[in-house]
């Protein structure tokens, strides 16, 4: 299996439809960069043994909260973390702990973003439930 | 149990003698700041349920590697992570993953620092073994 | 007086209604984090002697401008600084000086944000004046 | 020629109408800061020999992408870089390379912003062409 | 009085001999950069009215602690702050407050550096006293 | 030619002996990370067309100076830039320009580091010359 195939499998397993749509946008801008994103972070790094995907998503959230500016990526990775099986509380705990290292502004912004994703998930779930009735 | 007592218990359980010596240095500069360090990060945050200490140390390492400048704290938390039961490989995996988010310079510096601590631990262990004979 | 009470007193004295509304939003996401915000930054730090609130707000503005990403917090603290009695010129001087240390992009973004708050205050004041007539 | 005149000449040669309009906004907030922007970055730095304007714009883009939060300035400098004669590919290559140093989130955000400017330019050009017919 | 003269006067008034020696080192590397340092930060910014030098030094310390990597400059500005009449406690309060915004690692590193300068000053003072006897 | 071979060729062409020795150190810590460094930054990115190596080294220097903490990497890339044919003046111009975007502390630290490498090169050259006589 090529690095691209391996990466795409990891990416779609945790990022679902959203991952594919981000990839399409990126392919329109730079096909090479889209390829790099699949091959390197997902094909080379996330597919490594040594840490399970849950822990990988939590350390990524810690890193993105610390950076402060990476709001789009943080949204994507809060979604990924939920898809990978992290609980909302584990995600919130990770972000809260960041107030010690990255400061309160970074942690508070992170919590607001996480909450936004939690509510979107809630909304789309209750929308699905309604449609089913 | 007061926040200070709770914090000191967590701090000494993962930070051992070294934690106490850092605290002493800090107390000489600012007794209030030393109190804050015990009470807030350790008494309020690390003693929370929701994430085990191993995961807490890995997300802290992710944050410190991302910052790039916090080398002293990174050393202390690589030590803490080992004390808390993280394997060297889990620590290295965490740092390697940071090359995706914080870039290669931050991740490479982080790996060098982790290696330094791994070797110190090795040295002090073999020194102990020799003394025992 | 508890740390929470002390913190709430400082927070509401400089942050007024807005402080309380931010707190409510945060309480809905994480009651513990809301408690930490009142107790630690406001109860433990801002209520310390040694620096007056005006200077505390100016150094906070300097820090937030330097970070670059903390726009919401910068808005809140420009408001706080005005409430605490800082003049617009002192706030602008603080931000302008940051171009030396944090660079022009950080300082220019900071100035734009400060101006936004100055104009909001102006608008709400002239709205009040009109209503009074 | 004064530093201000020298700076204004560089600024308008690469920043055109947009540069002047940013300057006006800034003059309304702080005339001194507007003067500093013209005199120091443009009058003192960009007008130096030693690097051509194309290279100066590419290193500025590298710096702004690395910072992560400076999106307005990045937009302005992607425009400047095009005006100075950089190709879209050179700008994209610069941003892509940043994924190695500043990480993927910074580089991906940078690419999205560059694309936005490329499309604006495209739109305004095709609008002009239509009007000419 | 030229910007250079104005800047040099401010620089030497708060930076004394040390300021001049840093300037010499810098002149050997890049005479233009040395000129910019005197003219822009000191000639244009620090010599502005609107904030007294004490407050200017405290907001600079806040900014440098927030950056985390600027240890040499932090040392110089802790010295400057003392020369300008700030007390040790005001400097420490400023740095302690940064743990809220920039996080504990940045604030702790800042405190260690400030302490180093405080002790150097103490040493040079007691050395002078001895010589006088 | 594999990504690794392509990367190693670029790396050794601009990084010479020093590049190989860094790689060896890294291989002892993490053979996988050493492989990633060769394959991704050098094999995938630096070996792309679209920008010449000189420009690639200057934008990397801009990024590393902006980060502030990446001193080891900055040293390596100042060396690389010289090896790739950049003049000292082009390197200094790049770093000086960073005072506008990343601030004076970052730019001044960058200049000091560049000077250190310039002097090492000078020393090793005059040592070689002596040996030849």
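When the chains are written out, they are named A, B, C, D, E and F in that same order, and each has its own residue count from 1.
Operating definition for what follows: a contact is a pair of C-beta atoms (placed from the backbone, for glycine too) under 8 Å apart; a residue touches a chain by one contact, two chains touch by 3 or more.
These figures come from a predicted structure and were not determined experimentally.
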item: Intersection of contact partners for chain C and chain D; value: A, B, E, F
item: Relative to chain F, chain with the most remote C-alpha centre; value: C
item: CA centroid of chain D to CA centroid of chain F, Å; value: 26
item: Chain centre separation (chain A, chain F; CA means) in Å; value: 32
item: Contacts with 2+ other chains: residues of chain A; value: 32, 36, 40-41, 48, 64, 67-70, 73, 92, 96, 99-106
item: Category of the chain touch graph - line, ring, star, complete, other; value: complete
item: Residue ranges of chain A touching chain E (in the complex, touch as defined); value: 99-106
item: Chain A-facing residues of chain C, complex; value: 25-26, 28-30, 32-33, 36-37, 41, 64, 67-70, 72-73
item: Residues of chain F defined as touching chain E within the complex; value: 67-69, 92, 96, 99, 103-109, 111-112, 114-115
item: Chain C-touching residues of chain B, taken from the complex the two chains share; value: 32, 36, 40, 44, 48
item: Interface residues, chain B side, partner chain A - complex; value: 40-41, 45-46, 48, 50-51, 55-56, 58-67, 70, 73, 89-90, 92-94, 96-102
